[in-house]
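Look for subunit A in each of the two complexes below; its partner is subunit B in the first and subunit C in the second.
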Partner chain A sequence: MLIFVQRLGRLVFVFFVVTFVTFFLLDQAPGDPAERFAGLNATPEVIEGIRAELGLNGSLIERYLRWLGNAVRFDFGDSIVTRGFSSWDLIRESLPKTLELMVFAEIMAIGIAVPLALASARRPGSFIDKASSSTAFGLLALPAFVLGIYMSFIFGVKLGWFPTIVDNLPGLNDDPLDNLRQMFLPSLTLALNLVAVYLRLLRSDLIETLQEDYVMLAQARGLSERRIMWRHVLRPSSLNFTTAVGLNIAGLIGGAFIIEVLFAINGMGRLVIQSVILEDFNVVAAVVAILTVAYVMMNFLVDVLYSILDPRIRHAAR
Partner chain B sequence: MFVSTRRRTLAILVSGALVAAACSGSDSADSPDATEAPAAAAEAEPDETPDDSEPAPTAPDEPAPLEDEDQLTSAGEGNVDLASLEPIAGGEITFGLTNDGTGFDTTGAVAPGSIRVITALNDSLVGLDADANWQPNLAESLTPNDDFTSWTITMRPGLLFHDGEPVDGEAVRANLQAFKDSPTVGFAMAQVDSITAVDELSVRLDLSAPWAALPYGLVGQPGWMVSPSTIGTNETFTGTGPFILESWTPGDGARVVRNPNYWRADEGLPYLDAINFKFLVDVTVKRQAFEAGDVQGYVSPDDEDILDFLDDDETDVWIGTAGANEYLWLLNTTAAPFDDLRVRQAMAHAIDKQFIIDAFRSGLTVPANGPLNPSDRWYTENNYPQFDPAAAQALVDEYEAEFGPIEFELSIEPNASTIEVAEVMMSFLTDVGIDGKIKEIGQGQSALTAILDDFQAFSWFQFGSPDPDSDYVFFHSSGGFLNWTNLVSADIDAGLDAGRQNVDEADRKAGYAQFLQALGDEVPMIWVDHLNGVEAAVTLPELHGIGTPGILPDGSASLPMTNGSFFAWSGVWIEQ
Partner chain C sequence: MPLVEPGATGAKTETEAVAPIKGGNPGQKRRLGLTFWLSAGWIFTLVFLALFRDILPIRDPDELGIRTREVAKFESPGRNACGGGDGQGRDMFARVVQGARPALILGLTVTIIGGILGSAVGVTSGYLRGKVDTVTTVFIDIALAFPGLVLLIAVRATFGNSMFVFIVLFSLTSIPGYARIVRGASFALSERDFVDAAAAMGATKRRIILRELAPNIALPVLSFAFIGFALVIVAEGGLAFIGLSLDETTWGKLIADGAGDIARHAHVALFPATVMFLTILAFNLVGDSMRALYSPREVATQRRLRVGAMADTGSGDEVLYIDDLFTALHTPNGDVHAVDGVSLSLKAGEALGLVGESGSGKTMILRSIVGAFALADVTRTGTVEVAGVDMLRAEPADIKRTLGTQIGMVSQNPLTALNPVRLIEHQITEPMLVHTSMSKSEARTRALELMQQVGIPAPERRLREYPHQLSGGMRQRVTIAIALANEPELLLADEPTTALDVTVQDQILRLLSDLQRDRKMAMVLVTHDLAVVKGFTDRVAIVYGGEVIESGPTEQIFSNPRHRYTVALIQSMPNLDLPSHSELTTIEGTPPSLVSPPRGCRFAARCPAAQDICNTTPPSTNEASEHWFRCHFPAGDDAEGAA
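Up next is the complex of A and B:
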């Protein structure tokens, strides 16, 4: 229990550091947001009023604490560029699409990598092993933006199986078929880079585990190969794999930015790129805060998962 | 089509393989090669002639010759007998836009992405006929007094905004007054002293000086009418047009649906049930979406795409003419070194416009010497300094002997292709001893930065309105901070005033000749090219009405594709 509290404390610390550094950097940017918000010919009184309204008065620490207090209530301030919309309005529109993209990509990557790794590890040097390894290396060499263009061109333009852009994406509850059809290519593009990493990692750990005495004991007891692989080998071989999945969440956020541009998805990536370009700092700060929370939470969950996968970690923690 | 598609396939495969090879060889010191190529092109020595530095173009890549700058035809629909096609009502389309909108506040600076959507939501008070003459549109009539110091605008009875409110005299007054009171755009109506609703359907504008060309100003933003309760609202547009805004998602696009109460519904307008405007920033994504049929048309194709599509019978390319933007640099004439005419002239002499056009526009555009296109009926030639490095060098030497080295910063939005052009222009200047640096500003911040005079030189796209009076405020000394270069010239003012105050075409033309001549002499801007050749729209052959004239209320044809944005969306239809 203590270790969870410690880790939780560490995560809160990370959150404060990241958000404060972001806040500090945005504060150093040239220009006065109040003046921009007020528009031209605004009187000093009007600008002062807007400064107070936007919470721009006081020292950096005061403003940060005020922003933090509002942020926990999901009040990140109004977008300065897209007037009429709050930062949270814009995030609420974008976040579900990015989350869906990332979740689908992870599911696809795991769904492809795990069976392939099991098949490869069972017969190292076999055709499946060689073919999957070669493909994995090939996929690793292809950056997402190249892969995305290929996928879009082949499956969208030439074959016409999937749309090349995501347009008017219906909710999963509203029209799951259309939703999945539109999100298939972007998710697969994002997933294929992951497959290569997961496959290589899991395969080598599986081969190592297969040399363990208890596996040979299980074989000697006549357990079926399938049962040994799925129940006795996969789980203890999954620690590095789980770490990679957790760490790749961050990589996925980065990759999702590119995929969102390639497939015209109005997700967090496009939002943050656009907000940085347009100097819409309220939105940038809000996006960074949300991504930070998501990232630290994901790492926390991975830590928790470790102890479930390997009881030795749980016991060592005691 | 087969040849074009095969070439495209090959290009994608080869480019993908090159990038993949570069990226996969991360151990190799040569890996950045793939990204160095454009930079190397940008740094090409400008004193090399284009013929020496450019690979000889192969036959298929040569620009299709445009018969004249006014042509609106394309490979494909240009050969179709449009009159034989009967419009079909119904259906919806997805149309790709390059720029995101930032909102719909008609009293502020409206982003190009927003304007393209507004075109479907709005009918301006005034329209332009095929000869670019003004015609009443939403307004029933516009009547001046004898000396053009007062105009009365009378609205059609029974018009309704999208929210059901009447488009009456008071609503028009409120819109015009809000526009005039706007600190950002109000200068365009600085000459209007008062706006009065005289009866239920009429509004009178009393002016401080004669303004015969006033109706032209009501074709654009000042003539957009929104429901009075929504004036100044940024997140919606409650207008009078053929479509109603159903949703707008910043960063993604907008969906508009048929207005069942459209004032021209008895003509069967609009034909489409809905239009999805989708913001597609990347040119490759835009083209692939089009080729896959995910969008039925899009604006602003790449110049190389235009060449490809002109060869493709299964694609229509609509090349905008009237009012295409110009690419230029603004020079702040109140700040050193551009407060000295010799430096401005030297800049103009130093830059080889044709090199830029050949290298970056595939030869599709026309060199500019001012804001009016040679195909424009108001165009006259001027003495704008032409490419002459020796003359530039002499002027630089003269200035430097007096004041020392010439250095400046060029403000520019972070657009890779524009920066590439600017870098080549900078290298031309370096050759004559002018040292320029690029200063990137925030995307969409050009207008604000220019208004605040926070620049020395500015990379700029603008002008080219069908009637020069619409650009009055950007050149006239009374334009305040919208007079971008801050130049005060009696000749420019006199010329623009003559164009504004006179009705007779010859008098107006004489005025604009004086204006253009003064602009060429004073060089407050470094002109590069008229973008009429590359400001285009691409459509499937089944989509009709883009790029072709719409029908004005009096039955006459309207001017299509002005600035590439004024599609007559009410007349667009698609074969089902």
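Up next is the complex of A and C:
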């Protein structure tokens, strides 16, 4: 259990650092939000009033702590630009789309990478190994937006199988078919970059495990190759892979932002970019906070998964 | 992934061992291949175009073709404009060349600044270790964990996007990646001899860092620098794509501008996208080729079990019958003839000791029986029969059934013989569930019995534990229990006690021997310990250089050894009958190469009685006799000689 507490401690630390740094940076921005909010003809008294109302008075630390206290209750302040909406309203609308994109991408990436890595590692140097390794190398050189352009050109324009723009996305519960059809290309684009990373890592770990004594003994016991690969080899080889999944979540968030812009998905990425350009800093800070929490939670889940996969970690923590 | 995100590609670099240049194997010459030169050529061309754009015949990137009529609106790529024209008739080729400038300038500055700062951090923490290292590692971990893009967006909101802001920010974010690579490399290096030697000779720490570590770290860093360069281009492109562009003609911006019209005028987006893809690919390829110069060779061998034709069969009552078995391992340095014409046979209830130095091929004989070679590329020829089943030519299903039900195997190291992530219970019951019709609960009951038989206390509890919770001796008992699961007729034990504590060695051997006698199993016991052979086997085969050089009943081998190697082996045994402080004899020299074995007797080079014929002609022998040997000038007083 101790190890969980340590990991959680570190992740909470990351949360505070990220949110504080963001808060600090936004505070340095030129321009006074209270003045903007009040409009051109406001008297200094009115501006002062708004300042108090928006919680803009006091020292930086004071304001950060106040913000943090409100944030715990999902109160991130009003959006200064879209009056009448709170930051949380805007996030609640866009968050599910971003999450869906990331989850689909992760599922697709693992679903493609694991079988390919198993097939490659079984016969290093075979056609499937060489083909998948070079494809992975090529994919690493394709940034999400370049790959996305190719994908929508091939599958959207030339073949016409999927729409190139996500338009009026129905909820996953309301119309799952239409939702999946629209989200397919974006998710796949995001997934393929991950496939490249996962495939290379898992393949080399699988090859290492295949040379272990216990695998030799499993072969000597006359077990089928499929059973050996799935039951004996995959799990001990998936430890670094699990770490990589955690490490890549930060990258996945960034990738999702780009995909949202490319496929016109109204997710958190587009929201935050818009807010930055319109200097709607309450929303920016809120998005950063939510994403950091999501990031921290996902990494914690990866840690838990890691210890389930490796009993040695579980018992070392006792 | 926007922002220099070493987490993405860095995950792969982490697992790679960094082989130092001084300690590398000098036999293999490594070369930069064609892909390297093509990639370098692409990068060079790009730099050249970007540098001399003004004096080359390239159009003004902002000149509107719809006004000058030189390039048509959305003109397709062709002779007039190789990249085509955009919506306002601007020459896409000129715009892409213009866009190369910010990408290259940013990439270069960030790589230099980040590389130098990151390397400094990495070397310091990797070499000095201690608290410095702990602090740095935590810092690196947290920095790598940062959702970078989010932070960047916040910075952009504050400071706007100037080249200066981008350089500072990207440099800062690229430091952890370099630091980690360099830290790993210097960590590995600082443990190596030449660094210790320099320290012993009184070199100061600073001197060691500069003189010894730097050259060995330079290549990994340089190779990562190219990959890092690509990461910067990707990051800058990503930011530009989402609307945070440095100026009007960055690659990311060009792609974003074209993306909206992809259905009708795809080339406006595809042209810059492809140039960008090829550029990133080129940088990655250059970095990768350089990494291949220092990283150890990957396992690139393919597992193929080739089987020769023609089979002799045994007389029928043997549990194990091996005739003229050859096993060759195909390696990049040539074929290793690990088993070279070995014949053995074993009846039920018999125990055979396979004795030899390490590397003599005794373990490979066992592996050739079961055909398990990990990923090595192996050819087996000759005959191996277990309980009448031809292990080289029978149907795969029959071979698997024989492996699972007739053979039990115990390997050398119990610490690596059990799967660390599976419960003991699953590992013991698996052979029963796979190869017999036993139900889960029957298999569990049998597993409990087996564990009692091999002497594991509290078997109920042990079944629900993982290997790491057991001691070495207990783990070896578990592997024995697994080997016995399906009541095999043949037990193969590969140095079952070498990795164990001296105090449990004898217990395990007694256990094996008792089980073998009670169950009338045939057993092959591989060992280099003659005392073990004397105590636990009926017959002995002495293995040297992939061959069996002497074979016979255990008693006779010890009372009347004939081959000079056997004689030397027995003399090197500690003997309690001799007065204390008597010197033990050792055998001078090293075993022969299995890649190109000597032409004559394999032991000739180390043999005290060797004559000319020993170097030229392999000694013949009659393997049918009970006690036989391969030697031109055997030891012992009877003048029989080689048959």
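Details
Keep this in mind: the second predicted complex is superposed on the first by the 317 of 318 C-alpha atoms of A that agree within 3 Å, B and C clash if a C-alpha of one lies under 4 Å from a C-alpha of the other, contacts with A are read in each partner's own complex, and residues count from 1 in each chain.
Basically, contacts are C-beta pairs under 8 Å (C-beta built on N, C-alpha and C of every residue); 3 or more make two chains touch, one makes a residue touch a chain.
If you're wondering where the values come from, they're calculated on a predicted model, not measured in any experiment.
Aligning the two structures on subunit A places subunit B and subunit C in clashing positions.
Using the contact criterion defined above for the overlaid structures, shared-chain residue A:83 touches subunit B, although it does not reach subunit C. Contact with neither subunit B nor subunit C is seen for A:170 once the two complexes are overlaid on the shared chain. Once the two complexes are laid over each other on the shared chain, residue contacts for A:266 go to subunit B alone; subunit C is not touched.
Within the superposed three-chain model, A:111 lies out of touch with both subunit B and subunit C [touch as defined at top]. Of the two partners, subunit B and subunit C, it is C that touches more residues of subunit A. In the superposed model, A:235 lies in contact with subunit C only, and not with subunit B.
Within the superposed three-chain model, A:152 lies in touch with subunit B and with subunit C [touch as defined at top].
In the superposition on chain A, A:141 makes contact with both subunit B and subunit C.
Of the two partner chains placed by superposition, A:69 touches none, neither subunit B nor subunit C. Look at A:125: by the touch rule set out above, it reaches subunit C but stays clear of subunit B. Residue overlap on subunit A between the subunit B contacts of one complex and the subunit C contacts of the other covers 140-143, 146, 149-150, 152-153, 156-157, 164, 261-262, 277, 279.
Per the touch definition, subunit A reaches subunit C in the complex via residues 10, 13-14, 17-18, 21-22, 25-26, 28-29, 122-126, 137-138, 140-146, 149-150, 152-153, 156-157, 164, 193, 197, 200-201, 204-205, 207, 210-224, 227, 231-232, 235-236, 240, 243-244, 247-248, 250-255, 257-258, 261-262, 269, 272-273, 276-277, 279, 281, 284, 287-288, 291-292, 295, 299, 309-312, 315.
Of all the residues in subunit A, the ones that touch subunit B in their complex are 36, 39-42, 79, 81-85, 90, 93-94, 140-143, 146, 149-150, 152-153, 156-158, 160, 163-165, 167-168, 261-264, 266, 270-271, 274, 277-279.
Residues 1-3, 5, 7-12, 14-15, 141-142, 144-151, 153-159, 230, 234, 237-238, 241-244, 252, 255-256, 258-259, 262-263, 266, 269-270, 273, 276-277, 280-281, 284, 288, 298-303, 367, 370-375, 399-405, 407, 409, 411-413, 416-422, 430-431, 434-435, 466, 468-469, 479, 482, 492 of subunit C are the ones that touch subunit A when the two sit in their complex.
Residues of subunit B that touch subunit A in their complex: 9, 12, 16, 19-20, 23-24, 94, 100, 102-103, 105, 108, 183-184, 233-236, 249-253, 255, 276, 278-282, 284-285, 288-289, 291-295, 414, 442-445, 448, 451, 481.
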